[in-house]
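One chain, chain A, links the two complexes that follow: it is found with chain B in the first and with chain C in the second.
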Partner chain A sequence: MAHDVVQAVAHDFGSAAGGLESMSEHPSYLRVFLTFARNSLVRDMTFRTNFLVDVVASLTWVSMQLAFYLLIFAFAPSIGSDWGKYEFLVFLATTLLANSLVGAFFMPNLSEFSELIRTGHLDFALLKPIDTQFLVSFQRIEWSTLANFVFALCLLAFALVHLENPPQAIQWVLFIVYVGCGVAMLYSLMIALSSASVWMGRNQNLYDFWFYITNFSRYPMEIYEGPIGTPLRRAFTFVVPILVVVNVPARMLAQPLSAQNWPLAGFAILATAGSLLGSRWMFVRALASYRSASS
Partner chain B sequence: MYARLLTWWTILRICLEERLVYRGDFALGTLMRFLPFITQIFLWSAVFAARDQSPLRGYSYNEMIAYLLLTNISRAFSSMPGLASSIAQQIRNGEIKKFLIQPIDLIGFLLLARVAHKVVYYVVALAPFALVFYLARGFFSGWPDVTTMLAFLVSLVMAFLLGFFLEATIGMVGFWFLEVSSLLFVYQLFSFFLSGQMFPIDILPSAARAAVDLLPVPYLAYFPVAVFLGKVQGTALAWGLLVQAGWVVLFMVASRVALHRGLIRYSGFGG
Partner chain C sequence: MAIIELVGLAKAYRVYQKQEGLLASVRGLFHRQYRTVEAVRGIDLQVEQGEFVAFLGPNGAGKTTTLKLLSGVITPSGGTARVMGHVPWKRENAYRRRFALVMGQKNQLWWDLPAQESFRLHQQIYLIDPARFERTRDELVELLGVANLLKQPVRELSLGERMKMELIAALLHSPEVLFLDEPTIGLDVIAQHNIQAFLRHYQQLRRITILLTSHYMKDVAALCKRVVIIAQGRIIYDGSLSGIIDRFSHHKVITLLFPGDDRMPSDLARYGEVVEEFAPKVKLRVPRKNVPDVLAGILARHAIEDVSVEDPPLEEVIAEMFSLAGEAQTGDGEVDRVAERVT
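Here is the complex of A and B:
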């Protein structure tokens, strides 16, 4: 079984790169990505019960979270000024959408990346005739996490039915674009943090740090106010744009479009481009400082 | 007797030294663990603002924040990172064999290792905890009286014992199933949402509250804090401590029985 998979990878890699003899040609990134996706699925389906347990576990986890927020809305009509129960459910669904995409596509890869640096196995990735960042970012896809994505879509549908102002087509387009931006920002933060393992050797704390920082993105930004909250909100908007990730797309869909949202929406585009470029720069710098750890 | 004490002391000392290797990392990690707490403060502040500050099932805003802060203390006693999974792992890879031939009791050894772990944790975490509680002193209305304080300390020690024996029992299930990670996940899920570390369980609807009261998990986080805040007093307090002690004894016996039965089943191969 494993042998077949290796054969399939080798074959696809060969054809994707246009054959070994023509290395100078650009590989087809899409085909390589599809191969990664298929291999991960084959791997997941090899241990089907484990896959099902993973799905049930992550669904139970998000259901419990949902129950917690429903409990909160039993006591308060709204959070912040604008977020009533159903608006907040749209917000929660947006959080789940962004996090499930990051969890499915990037989380397993980037925790592996720190490990590749620590063990020196990154050598093998550097030797492949394909962009190293692409390779270390997409190699493994955690299909079971996409169950949360489906859960989030159902939650979104349920919440939208109850909204007073159902979104229009343009809001949907903006929503999809900005969820994409949010995922790109989370990805950038993650790859920047895991690139730091080149200099730090080991970065368990940095990972916890990622978890703790993204924790701030779970709530509407309006709740951060007052002498501590306002600076905190500004820092997590303009320095590390973690609050923009969910807030901008969720507001696009849950609240009527309003001109006062445009500055932040414009900033979100800039922040996405900035984070992608910044993290790419950091990744390249990290590779330049990488000294193989193999003996 | 003396020899036995000496063995225990040696085990404790080895574990203490082992734990102190990465102390800087440890202190920083402890401080960072309070970061999610900041979002909780803002969340509840928004909830109370929407209620015009009216108390929520007996909790004022300040009390709610004090409650959530204090759960960090009860969790510092009752959480046992890696205990169940390491027991199951030792069963799986055969490391457990060494306890069969050495004159050391497995559960006793693990308990001492955990005590050492916790002692080091408290020493290193004291400064970050003191800092956070000092900054948040405005949320507290003063120290409780001596009886309450004593009951609080007793419930904390029992929370530690309950956490230990509960996870040890889950780990021992590894004799039968080898892999306990899904069982452990269920336990962690319950302990995360229903032990009271996310919210005080008395704000649950009454039917759910009654069901949760039948579980051991509230005694890991909720109960000690409720004692400190004076939510449980008089006979309710005595009864609560008694029930907590009952759970400790139950899981103490359960882990013993599981170990005994498990070792009879166990077969180790190879070196």
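Here is the complex of A and C:
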């Protein structure tokens, strides 16, 4: 059995790697993704009132967050030594960008994945001649959450106009790369957690988990100091690297580039690669243990 | 060479045994009891290209588990299987493009969208050439008579209409092997008949290999020449539908029509078990070997207006086989003995 699992892992890694190369063996992942996006939009438009309520609710939530931080800056000039009001607004916009991307593309799919496992509806995903992880990760897109993405872009533009040192082109490139890394790390955490449903039977903690995690990652890591803060910072940097998710890209854009940042930036790349590979391994193991459900 | 070949295929599950009561639940947090359920216990089976085979068996017999193993949805705990030369649970794309699984109780189409949107997605996932996709889709839509429903959201279709759409989705990539798990479950008689007619026509047209599980004997009688009966995870019969009666029915049903109510004798039980009595007509269940003597005795003693000798209904024979196998849940040895008795 262990041999079978190893073979399955090797096979899945192989098919994932070859996925974009051989057209005769694999479908066009981009075309399939665009069809998912189109179908999700058609579905969202069908229930337009629900769509509008979702947009209003999520915009209200992020506006309240913004108001809360503006209130803090009415009483304090900065958070730590590096994060003045507009630097922190860049940080907040980065948090919203990463969260809205995860919320739009992965959150609906990965909470659905746990349910697919529990109800046995994952059967159909396993029948399709396409990478199963791709299928369960991108099947649905929550277009309404992208309203937060637009909000975040506006906030970012507003904050950058007021920065003393506007970012250089290289900082923009690094920012985009590291936001991508952050999203990939959050995605990896989520798919690893939802894969655990195969062994747990029932796993409805994804939204709770998401709330706890983003609670930690939405603050500058400098605030985690002292006998409680330092161990927390280390744990959430090196064990579960969620502090890296927002801190690295936000610093790249809001602060002047400095040699002090490179160790953490290098670690972020390693953490991203490790998270993606680790979660892929766990996903493949979960599929090998999948036992479907009574029909 | 067989297109489907199973040797000693087995699947066992470990199932948590929850004890009753709060205290037992708390104890279960620390010490859990599990039971091993052997859903499939070493199945050997060969299916040739173009066969339409029915899998029959009571609930929990292992039919669906076998189909899931053959589809690569789950991995076996023992034995081997090859379908068109592929090991299903390796989940190779080359294999997944050559078969389809339709489950009567599960829905794979996008619920809120018209079925045609799901069909388009299938075209891309299965890499179907656009011209071939349109040709196949139009042909299937016409055969099933659902052209006017393509733009209707799936959630607004009736169960029968939804099953037709599921079949179209499953056949768009022209699979060579089709696994059907209770495709007519819950459908009314007309919808059942339509699905049967479609499957018969499609199978004859394309000569594909089909494995069907169903609880409706009419599905099986209408579609399959070969029947595999599975009980307690073992195959207990593999042969023709008519062969089941020849081999397992130990009784015949004699129907007698007497000239009038008052001419019907009261001691008919001496000839056999009276299964139905509406004077002046009576049905007797008689051991097969006694039929000539019983008939001779009745005809010699009583005035008879009409007589017929028939096999018992197929459902009855199969139900008898199922209950025979069901009684043998006490252990493996018992199951073996039942298998020996019925094979």
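Note that in this section the second predicted complex is superposed on the first by the 266 of 295 C-alpha atoms of A that agree within 3 Å, B and C clash if a C-alpha of one lies under 4 Å from a C-alpha of the other, contacts with A are read in each partner's own complex, and residues count from 1 in each chain.
The rule is short, and it goes like this: contacts are C-beta pairs under 8 Å (C-beta built on N, C-alpha and C of every residue); 3 or more make two chains touch, one makes a residue touch a chain.
Here the structure is a predicted model, which is why all the values come from computation and not from measurement.
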| query | Of the partners chain B and chain C, which touch A:92 in the superposed model: first, second, both, neither? | reply | neither
| request: Scan A:53 for contacts with chain B and chain C and give back first, second, both or neither. | output: first
| query | Just chain B (first), just chain C (second), both, or neither: which does A:192 touch? | reply | neither
| message | With both complexes overlaid on chain A, does A:107 touch chain B (first), chain C (second), both or neither? | response | neither
| request: Go through the superposed model and pick first if A:271 touches only chain B, second if only chain C, both, or neither. | output: neither
| request: Could you look at A:79 and tell me whether it touches chain B, chain C, both or neither (first, second, both, neither)? | output: first
| task | Applying the touch criterion given at the start, work out whether A:61 contacts chain B, chain C, both or neither, answering first, second, both or neither. | result | first
| Can A:216 be said to touch chain B (first), chain C (second), both, or neither? | first
| Touching A:232 in the superposition: chain B (first), chain C (second), both, neither? | first
| query | Residues of chain C touching chain A in their complex? | reply | 13, 64, 68, 71-75, 77, 89-94, 96-97, 100-101, 103, 105-106, 108, 110, 112-113, 117, 120-121, 124-127, 153, 181-182
| note | So, in the complex, the side of chain A touching chain C is made of residues 1, 4, 7-8, 11, 15, 25-28, 31-32, 35-36, 39, 42-43, 46-47, 120-121, 123-124, 126-130, 132, 287-288, 290-292, 294-295
| query | How about chain B: which of its residues touch chain A in the complex? | reply | 25, 28-29, 32-33, 35-36, 38-39, 42-43, 45-48, 50-51, 56-57, 182, 185, 189, 192-193, 198-199, 203-205
| field | Residues of chain A that touch chain B when the two form their complex | value | 53, 57, 60-61, 64, 67-68, 71-72, 74-80, 205, 208-209, 212-213, 215-216, 218-219, 222-224, 229, 232
